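In the two assemblies presented below, chain A is common to both, partnered first by chain B and then by chain C.
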Partner chain A sequence: MERYDLIVAGAGPAGLSAAIEAAKRGLRVIVFDENEKPGGQLFKQIHKFFGSKEDKAKIRGFKIGKDLLEEANKCGVEVVLNAIVIGLYLDKEVTVKIGDGIQHFKGDTLIVATGASENMVTFDGWTLPGVIGAGAAQTMMNLHHLKPGNRILMLGSGNVGLVVSFQLMQAGCEVVALVDAAPKVGGYGVHASKIARCGVPFYLSHTIIKAEGEQFVNGVIIGEVDSSWEMISGTQKHFDVDTICLAVGLSPMSQLLKMAGCHMKDTPGGYIPECDEKGATSVPGIFVAGDVSGIEEASSAMIEGRISGIAAAEYLGFIDKEELKKSIEKQEKALISLREGMFAPENRGRSIKKTEEGIDVSINLLKKGYIEETEIERFPGFTKCKGVHPVIECTQNIPCNPCQEACVKKCIKIGEKITSLPAIDETKECIGCGMCVASCSGQAIFLVNEEYEQGYAAITLPYEFLPLPEVGSQGKALDRSGKEICAAKIIDVKTKKAFDYTHLITMKVPADMSRKARFFVNSRRCEDE
Partner chain B sequence: MMRIDEHPILGKQEEKRVVEFTLDGQIIMGFEGEPIAAALKAAGVMIHRYTKKLHQPRGIFCAIGRCTDCVMVVDGKPNVRTCVTSLKAGMNVQTQFGVSAKTQTGEV
Partner chain C sequence: MSKLKERMSGIGEFMSQPDDQLIICRCEEITKGEIRKAVHDGMFTMTEIRRYLRTGMGLCQGLTCASMVKRIVARELLISSMELEPAVSRAPMRPVEMKIFGNEEKEVK
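Moving on, here comes the complex of A and B:
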């Protein structure tokens, strides 16, 4: 039986962050992960992360995973893969299945960072091949370069459902509908908007009645539910699909902690261990970090990991209380800011009517996934000034601020509070560099020039699809709902390393469309449909 | 074609060695080291097994080795999770019926 100062279960964002901090402080650390590759779900996250610039916002998830791994290697963290932690026993003894054998380890401290597993819903035909989890879709397309299907219906409008829908389109799949039994979109409005403007229809207050097909999925029937979740008769709609993707939440994988005798509690967010703000459970020396102690996202998992790694070092006496306090102060602050805003844990299930600034929220955004033209005007990011200028369609208080730093001319102001809505400072001159457009993880920033030419406006938008339109391409402009509204011509395409694969395309549209046009499709695609 | 040749963010897939394996005796090509399930998906195979009692079809569901819906008989060994088992040249993959492959006479 081999002994380590710290044994970490799970090599995802939380586990690796914990291992790094502990190893930096002199602990001998080993990390076990059941997968063939480390990084947890980070390598499937190809979108730019939200959050503050200090905490890796606007960096794509897989890049964060790569950086974490490099750092772990540099700090001397031992990572053992294809190794399933199957038991936690008294005195922090750990059994691990490696290959066909079971090995025995002892840790002076343990950090459990096992993450979460996907929830499922059942309906007629849900076991048919072609019904998959959203995680499966991400695994197939972002790790194995495979389309999960050609025509896909997504169930679930939380951030996972929204983000994966966008990724499916990036992979070349068609998303025929986004369905959620809840009456309003669960995830960030900006994520919803970027798929709505591509033409994906939202069906809120709808759920799946049946997956059709004998041997595998070839269709799906959805129906509308009333306020008590009862199906409303006569509301059935059919879609031809080959794949149904389920994104209906996550549950903490906390079984090991229960086994170790930690005090557990049943919460609406799942069965989780009782723990303090440093991740310490009721069993001295056993800590938790990440989704296993309550579902959040990768950014907060990394911070929680760092905190529990430092706390484990203090528990073993590698650092003293003073240093512990000093080291985690900044982390705790960052964690608090990530938990603020409309999507804060305490706001779950609550209906929010106004932003922190006192502006009425967009009802349409919650019901259909996009903001109506009549609603957008009341938000501080929407301005209309002379020449080229940013238009920011970010209307919910979420913890995210890369746009503020991106503008060298300081046109964009969020201020101290990371959840504040971005506002345009009209006294500062926009030079049209597009850094704000590329830096917005929610793809909610556009550059608009109302007076590009006599009778024409120019609109620059972020574009992350293939094929990339070329200068001179003729096509159609789509509005926020994905409806074709006018002819458009591409007049500029910008690709820069600093944009990190977000291309900036500029289209010319009739001047009266400058407040409506938000996406572009090539004529060729128009003919296909 | 289910393979993504070029991805707007991830670019082109790195070159991998193409290997042959068999599904129920039929020769299929796949990339060495990718999950067996990925190679099958690329070949358009949806059904991995039939359940023991009700003979219902099952395919990929979670793709991360958790749900066991995608298990098949691989080189004679049943219940192999094809979504987390790497493809090797010459593998003999068989659709699983209950917990075994169909015999040559068609009996389970």
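Moving on, here comes the complex of A and C:
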């Protein structure tokens, strides 16, 4: 039986981060993961992450995964794949299925970073082929390059549902509706806006009644629910779809910890181990990190991983208490800032009426997925001035600040508090470089020039679909709700390495549309429909 | 037996519901109605339900259905789902073929 200073179960963002920090401090570390590829969910995340610059914001998830893996290898961490930890016993002995046998390992410390599994909901026909989890859709698209379906209905308006809907459209699928039983959008407004302006209708307070089809899904019926979740009769709607995608939350995969005898607690967010702020469970030497101890974003999972890796080093005496305190201070600060804002854990289920700045939140954003023109004016990112200037449609306090750094002219101000709304400093001159547009993980920044030509305005928007429109192509401009509002012509297409695949397209629209037009479709697509 | 009767009192008779046919545990093909009925047969804990019906004992080992079964049982018992202790966690955490499970490395060389 091999012995290690630290055994980590799970090679996702939390597990790898923990392994790296521990190995850096001299521990002999091995990581087991049941998948054939390391990185957990990171490799399915093709979008840019939110957060602060220090914590890898605006970097795409799969790149973060690649970097973590490289660092782990450099630090001498052994990562064993296709290795399932099937048992966790007294004295931190684990049994692992590797190949055709079961092997025993003993860890002086153990970090469980097994992540979470997707929740399902039941409705008539939910077991039909064609009803899939959002995670499965991501695996098909982003790992195996397969289209999950052609016409898709998404259930769930949390960040997973919103992000995966966008990715489905990027893969060439049509998302016919986004449905959620809750009365308001659960995820970030910027994620919702980015699919709403492509024309995806939002059905809040709606749920799936039935998946239709004999052998596989060929349709779906949804209906509206009242405030006590009862179906309102006569509200049924039918959609022709071949796929129903479920994004209805995650549950921590904490069974190993229960098996190890850790004190557990049942919470609305799932069955989780009791642990302190360093991830230490009730069993000395067993730590946790990431979603297994409560569902959060990958960014917080990485920080939790680092903290528990450092704590494991201290537990074994590789570093002293003083160094532990010093090393995790910064991490804890970063973790606290990620947990602030409107989507903070303590705000779950609460209805927030005003931003931290005291501005009334956009009700339409929560109900329909986009901000109405009448609402956008009150936010500090919205300005109207001469020449080209950024318009930032970021209206919720979320922990994210790459736009502030992106502007070389310092036009964008967020300040010390990472959740503050970005504001435009009108005394600084915008040079129209577009770095802010490309840096915004929420694709919520536009460059607007109200006086591009006599009677015409130019709008630059982030564009992550292929094929890219060409300069000179004619098409239609869509408003925030995805409605065609006017003719538009592409006058510039920018692609730069620094933009990291967020292309910038500039369209010319009639001047009075400058505050409305936020997306572009080619004429060819218009004709198809 | 009287103890069981005492536990049963208060949850009422088993009444069929329109969605009783809905499959909850896909691996073992157990319906909502069967789970609800099991509660009225006296299965009050997740461990009892699991042994009685085999819910969560198939290929996915309850990864999909465990929380759904728990909610159905809790609702039938008229308690919050969080008051119900989840079923015991046992190795192997994932289904493992017997030939592999039996191929356990021998004592320290």
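Just so it is clear, the second predicted complex is superposed on the first by the 529 of 529 C-alpha atoms of A that agree within 3 Å, B and C clash if a C-alpha of one lies under 4 Å from a C-alpha of the other, contacts with A are read in each partner's own complex, and residues count from 1 in each chain.
Criterion: a residue touches a chain if its C-beta (ideal position, glycine included) is under 8 Å from a C-beta of that chain, and two chains touch if they have at least 3 such contacts.
Since we're looking at a predicted model, the values are computed, not measured.
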Combined model on chain A: chain C and chain B, fit or clash: fit
Chain B versus chain C as contact partner of A:170, first or second or both or neither: first
Contacts of A:117 with chain B and chain C, given as first, second, both or neither: both
Touching partner for A:434 - first (chain B), second (chain C), both, neither: neither
First, second, both or neither for A:100, with chain B first and chain C second: second
Which of chain B and chain C A:266 touches, first, second, both or neither: second
Partner chain in contact with A:87 - chain B first, chain C second, else both or neither: second
Partner chain(s) touched by A:1 [first = chain B, second = chain C, both, neither]: second
Spatial angle chain C-chain A-chain B, Cα centroids [nearest 10 degrees]: 60
First (chain B), second (chain C), both or neither touched by A:251: second
First (chain B), second (chain C), both or neither touched by A:39: neither
CA minimum distance (chain B, chain C), superposed complexes, angstrom: 5
Where chain A meets both chain C and chain B, residue numbers: 34, 117, 127
Interface residues, chain C side, partner chain A - complex: 19, 22-24, 26, 32, 63-65, 67-68, 81-83, 86, 88-94, 96, 99-101, 103-105, 108
Interface residues, chain A side, partner chain B - complex: 34-36, 46, 60, 117-118, 127-133, 135-136, 139-142, 144-147, 170-172, 215-216, 464-466, 468, 501
Residues of chain A touching chain C in the complex: 1, 34, 84-89, 95, 97, 100-104, 117, 119-120, 122-124, 126-127, 251, 253, 255-256, 258-259, 266-268, 270-271
Chain A-facing residues of chain B, complex: 2-4, 6-10, 13, 34-35, 38, 41-42, 46-48, 56-66, 69, 83-84, 86
